[in-house]
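One structure is given below, encoded as structure tokens.
As written, the chains take the letters A, B, C and D, and residue 1 is the first residue of each chain.
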């Protein structure tokens, strides 16, 4: 039940808010989709042309295997994040500045992703054991930071239920917070494994988003109450 | 005829699923369009500035001819893929997680395209015969992989006809699978030619998407049954 | 007056063509807008970080002036092209494969723009007189090629008036073809000037799109006949 | 009150202007959103892979701290600009060529942002004191130029009230101009500080957009008069 007159006076969805066709929520989602689509596509720039001595292209392509794994892991992460971001915004019916800035923080963590990915790929190929642990830690740090931005959004939305669809299932955020917590903590496990065998940590980083994807409630919008 | 209550309970198109204006299918298509638009535009980064000794700009521009061919081939491939992707999604009326993840796999194959393109352009200019065959194989591999992701989507959709427009022509997927199979196998021919004369393979890779484009049913939506 | 049953059977606009909200024409425009937005933003990658000996940042920033001019010219070109592309598509009410492929050719010429821009900026800074004429010619060639793709689209549309809005002013294409011809020929003048003084040609390339922009009918849709 | 027949005859919003679903204002906003989304995501390319001697990844990551600050400042700037750009366009109900070209100027200033950001990050790490002041000045110059493009748009819109929503609060532009003036002048303060201690100026540049974000009226559309 959304009260008609709310103290904070958020933007009513579907209201005739100026000339736009879109609801405010849709606009935020379109911009966010754009940022995620660009970040996920920029990842390919982390794959390096196999330049060097003639006759070594095959060798150089193969020795770049950590770059492929890191690319794949980051692609799946951002893909899963996109699905979850969409799922979240189908629950939001009104957007206020609080949502806007928290969403920008989420986009910041997503759009920086090509950097730790490239660093990880570089260190796994050319770095010492110490370099690799550092790069794994940076990669894990960004994933954890992303989870933190989601957690911040969840806490905000729980206190501003007037911004949410009124048919939202009661347990939604409890479930979602559990998943965000997993996102914050799982990199710690991967990095801990990486201290022992860095290459294995790379595979763990690949498995985490696959697990996420398999368990995501994903695209399906909330069940109507009735 | 789509049953009203389906066990998997997919998202009804055009239902009031939260505040969004778009159907779920349209959202997936907008995100996919974004990824394809970015990948197709990033290809230009594979064309190198003709840096070097003063007075050699013309020479360096000309010796880069394999890069132009590879750019052109990849641009047309992605253009054709975009048309076909759109044509596919006009047949999909509901989106579930199965479609989502299979679509992400398709996007993965599309967005990685600038990498084999750059590798091919590099090897054709600076590599040995062996390098060139390797680069042609990598390029063909990605195109085949793209065809495989489409095939996977087709098999899934055939088993989930509840996700499809109910006015879909019966022979649609039989026809589409034939085209996907062509996409998987045609690179094998190109690479086989490339083992003999690599430069010719480059032209074959350029001809394949042109053939595809000419024979595509393309943009036209399915005929209404009535 | 668009006949109801046309031999080529193009997609009726606004028809319920599958689940999409958008008309086919709008979809093409959204994809095209994406490609143009990306190409116009990628131009910034042609501006180089002033790396080198400490204490030379100011000097290196200033000596890069041809890069700024080339950036500005290309940005305005693509901006003008975007406005004209939109103006064109407000005249198109139906999209068939012929429009699709011709539009892809237009997008090809637009999205390759960062390459001749970077080449021009490089040659004007580091090249010989000959290098500069070559780079100016490449830049002019792409602009002319862009004009050619527009001309091809115009000729097609004139023969397929069933694809156009039925309230299109009769003289529209005569006027537009004149502008496209100007786009094809004006680079010849700029390059001819460049053979004498390359730097002046750079300014001419900057002036052409400004002139274009000032004289564009632009955004305004066709007057209704009634 | 928008007169029905206006001398300049701008595009009526929501009119059936050709086949498009979108109002003209929405189309401009979608294109602008695309450019901003790309520029904000391209910023990540300014973060450099920590290449170098094995064993130095941690060190190289840490010494890049000015790049992180510059990245963060530019990300927040563009985020704030996006919010304000959207807020502006909810006030515009009609688009004419004057708005179009002024908007392109705004987009130019936004899309060039990765360049001064990268220059600033480079100079703060590798430059002399003089280099750093130059880079801070360039960064400030672009921010001021962005403010100027906004000011130009505001002055234009004030003289073309027929382009605006008729429920616009009277004081809107007075308030907005004040904010634009702040955007033009605040970089002067930052650069002045930078002449003394460059590193502090970097923090000031980070604080400005945060202040902007906190004080923005932001997303909320204008109050209805009634």
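What we mean here is this: a contact is a pair of C-beta atoms (placed from the backbone, for glycine too) under 8 Å apart; a residue touches a chain by one contact, two chains touch by 3 or more.
Keep in mind it's a predicted model, so treat the numbers as computed, not measured.
Trainee: By label order, what chains touch chain A and chain B together?
Mentor: none
Trainee: Mind checking chain C against chain D and telling me if their interface is mostly the same residue numbers on each side, over half, or mostly different?
Mentor: Both copies, chain C as well as chain D, present different residues to each other, with under half of the numbers appearing on both sides.
Trainee: Just grab the chain with the largest centre-to-centre distance to chain D, centres being mean Cα coordinates.
Mentor: Centre of mass proxy via C-alpha means gives B as farthest from chain D.
Trainee: For the identical-sequence pair chain A and chain D, what's the CA-based rotation angle in degrees, nearest 5?
Mentor: To map chain A onto chain D, rotate by about 90 degrees.
Trainee: Just the number, please: Cα centre separation of chain B and chain C in whole Å.
Mentor: For chain B versus chain C, the centre distance works out to 25 Å.
Trainee: Centroid from C-alpha atoms only, then distance chain A to chain C, rounded to Å. What do you get?
Mentor: Centre separation, chain A to chain C: 35 Å.
Trainee: Which chain C residues sit where two or more other chains touch them?
Mentor: 21-22, 30, 34, 38, 42, 45
Trainee: Output every touching chain pair, sorted by label.
Mentor: So the chains that touch one another pair up as A-B, A-D, B-C, C-D.
Trainee: Help me check something: in the complex, which residues belonging to chain D touch chain C?
Mentor: 9-11, 17-22, 24, 27, 30-31, 34-35, 38-39, 42, 45, 95-97, 100-101, 104, 107-108, 111-115, 118-119, 122-123, 126-128, 130-131, 134-135, 138
Trainee: Over in the complex, which chain D residues touch chain A? Could you list them?
Mentor: Spelled out, the residues of chain D in touch with chain A are 13-14, 21-23, 25-26, 29-30, 33-34, 36-38, 40-45, 47, 49-51, 54-58, 61, 71-72, 75-76, 79, 82-83, 86, 89-94, 165, 213, 216, 218-222.
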